[in-house]
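Consider the two complexes below, in which chain A is the common component and chain B and chain C are the respective partners.
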Partner chain A sequence: MTDQTYSPGLKEPVFDSQAIFRAALSALSLPALKFKLSADRLPQQAPLPPLAAGLALTLLDFDSPAWLSPSWSKAAGWLAFHNGVKPAAPGAASFILAAGLTELPALEQLSPGDERCPERSATVIVNCPRAENELPVYAEGPGLKRPRLLPPSGLSSAFVRFWQANHARYPLGLDLIALNGDGLWALPRSAKLSAEPERRAV
Partner chain B sequence: MNRRPEGNLYNFAYLDENTKRMIRRAILKAVAVPGHQTPFSSREMPMPYGWGTGGIQVTAAVIGPDDTLKVIDQGSDDTTNAVSIRGFFAKTAGVAVSARTEEASIIQTRHRIPETPLREGQIMVYQVPLPEPLRQLEPRETETRTLHGLNEYGLMHVKLYEDIAKHGQIAASYDYPVMVNDRYIMSPSPIPRFDNPKLDHSPALQLFGAGREKRIYAIPPYTKVKSLDFEDYPFTVQSWNERCAICGAENSYLDELVIDDQGGRLFVCSDSDFCRKRAEAGPKGASRA
Partner chain C sequence: MSQPCRRQYLELLTLASSASLRRGLDGYRQNLKYEFIRPPETGLIMVRGRQGNTGALFNIGEMLVTRCAVKHEDHIGQAWVAGRNAAKAELAALGDALAQNRAYAEALAPFFEQLRRERLGRINRETKDIMTTKVNFITMVRGEDKND
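So, the complex of A and B:
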């Protein structure tokens, strides 16, 4: 329990969650493209950063157990109070909320779904607040007309390896929503990452 | 600003927030695995199954006060189903409605994809009666799921081959199966095969909702969608010798109208918005009546 356990959620739950969902839907449909959300749509006094808090209240509830990374574990009470979110071990969680890429559990600890039900994989919501990447990384796949450079978010070659291992299991695998400053971008498991965009006949 | 429509006693867009959250999670997973049928716990809607309960639930989970909704049934904005669904959202969500394809941000459809090219940012919502393309070949859900999981589509290719052996061509004029992102065979809902090429690399996001069968699936923008065929029997679309009697269009999907009991008939565009726009703009086509 913290002082913030009962702090307010979304100001206008119906309309704010709709706007936040549409940003997430656009982000997963058009991977690696950042979609901004205005601050007045997001909970400002929550025990999570506003974007993470808003997205969590939009997508999580009693049907979707969540794992919180150590720095965010204090938000468990707040999520339970607002949406009845139940905590879960990484392997059993449908949502993984992580305060940073370094706080993510190892890939093999997270649920990739199974062949019959690939939709049962975990969705990773991770805070990536930095404003540059260690290396340029391109995404390709459904939703991408041509390869797109990932938004600067503190991505390292370790992250690229993490994602390549994830993509290799397609159609199984994690889907990722990255929170970066005033907006979010996403990588569905169908997105392939590489340091150089593949040459493509026009 | 009060964004709830006056006199509306329902929640915005009819569904309660828990239901929307559940549908939204399913939609996001469907987008992440293009062509995969994601189960969702479909609710009873104030209309019978078969009238678009799946499409309505998807639209209700997606729509917001700033959206403009267009609803078509057999290409037309003025049929009973389209009018009632448009009225439903005008009442429960108070959103703007339009018959113009280019003005709409969400287009709910049954049977057709508009002739007017779609753009990035638009969302197509399809009402799907039978989401499982393998159902006619394998009645057991556990089996069809396994077949999808193992990427085992031999059954479908045999069926298409038998079509050619029997009829000389692949005998599916609508709901023609497609391969999405080189992985999942998907039913494109009962659109005519004429519309299949519009699925491929469409700039719009395409969402499919099946209410009775409790499935949601999706095609993200710019995704490869290939209509199944064989090298020596390539996929083709329907064509007509006639032109639209109202607007003169030669390349749109035509409906045949019987106009008397002497064998007289007319062909008109099935897409009423496209036809109206053309008729207003240019000289009329020659009537063949």
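So, the complex of A and C:
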């Protein structure tokens, strides 16, 4: 148990979680577009970075087992105290919370849902501070009128290859929420990644 | 009675009337600096049980509870009280935090002693009320099961 296990959660649980949920929903509807959240909506004394802490308190509960990456594992007690979140192995987790891309478990082993219940797939929440992507990547698909360049988040070409396979098994697949400084952007499974945006007749 | 253990005083705090808690703790609430780890929040919990503590687990029903956690100095006080009385949950949580603090233990001892007496009084009263409705069932042995 760390000192932060019993640190406060959201200041205004109803309004703060609604604002955070709105940002996550908007981000998943408009892939690769960053949505900012003001710091006073987020828990500042939590054992997780404010954005990750706020998102975790908004989305997770006792019905959604979560896997925490090594540098965030000390937050397990805090999440259990506030939301009753149970820890799980990566393959059994509804949420994967990772402090960085390098701390992610093998994405292939995460739950993509099944044909009957594709919504039971895992959602990956990963902290991606601003860093150049290995190559410029574009997202296309529902919510995007034209291809949109992904925010610079240190994405590797291996990740892009994984995501192409992830998109191919739609309606199954993972969804990803990237925490990027003061805001978040997302890739739903419906988003297709490519290095070269397709030219489309307008 | 010696200083009760945490389990005992948590029981006293949660089962006390809110008037008694206010009498003993409201002064501390107004004068001490403490922060909310979890502000009072009301919700439903499912009460589960086993018949005779051996049968299969079943849901008895839902119960309204209010929980609260506060931090005073380095002590975390927690409370889960029945009903929707947020002020009571806050006072009970503060009482828990103070009871863990040696600096307040002596000052609070008479208060806990008072809570204990009130609790015993209530149990006695309720037991008396219930006992008047007690019915004894006596089965006459007919003696035909043996040596038949």
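Note that the second predicted complex is superposed on the first by the 201 of 202 C-alpha atoms of A that agree within 3 Å, B and C clash if a C-alpha of one lies under 4 Å from a C-alpha of the other, contacts with A are read in each partner's own complex, and residues count from 1 in each chain.
FYI, a residue touches a chain if its C-beta (ideal position, glycine included) is under 8 Å from a C-beta of that chain, and two chains touch if they have at least 3 such contacts.
What you see is a predicted model, and the numbers here were worked out from it, not measured in a lab.
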Query: Counting only touches as set out at the top, which of chain B and chain C does A:L28 meet: first, second, both, neither?
result: first
Query: Looking at the overlay, does A:R41 come into contact with chain B only (first), chain C only (second), both, or neither?
result: neither
Query: Between chain B (first) and chain C (second), which does A:H167 come into contact with in this model arrangement: first, second, both, or neither?
result: neither
Comparison of chain B and chain C by chain A residues contacted: B
Message: Which partner chains sit in contact with A:H82 here, chain B, chain C, both or neither? Use first/second/both/neither.
response: second
Message: According to the stated criteria, A:P142 is in contact with first (chain B), second (chain C), both, or neither; which is it?
response: first
- request: Using the touch definition from the top, say if A:K192 reaches chain B (first), chain C (second), both or neither.
  value: neither
Message: Just checking: does A:D63 make contact with chain B only, chain C only, both, or neither of them? Give me first, second, both or neither.
response: first
- prompt: Counting only touches as set out at the top, which of chain B and chain C does A:Y6 meet: first, second, both, neither?
  reply: second
Message: Considering only the contact definition stated at the top, list the common interface residues of chain A for chain B and chain C.
response: 13
Message: Show me the residue ranges of chain A that touch chain C in the complex, using the header's touch definition.
response: 6-9, 13, 81-82
Field: chain A residues within the chain B interface of the complex
entry: 13-15, 17-19, 21-22, 24-26, 28-30, 58-61, 63-64, 94, 114-119, 121, 123, 141-145, 170-171, 175, 188-190
Task: Can you check the complex and tell me which residues of chain C touch chain A?
output: 35-39, 41, 69, 71, 76
Field: Partner chain A, residues of chain B touching it in the complex
entry: 3, 11-12, 17-18, 20-22, 24-34, 36, 38-39, 61-65, 120-121, 145-146, 148-150, 181, 183-184, 201, 203, 205, 219-224
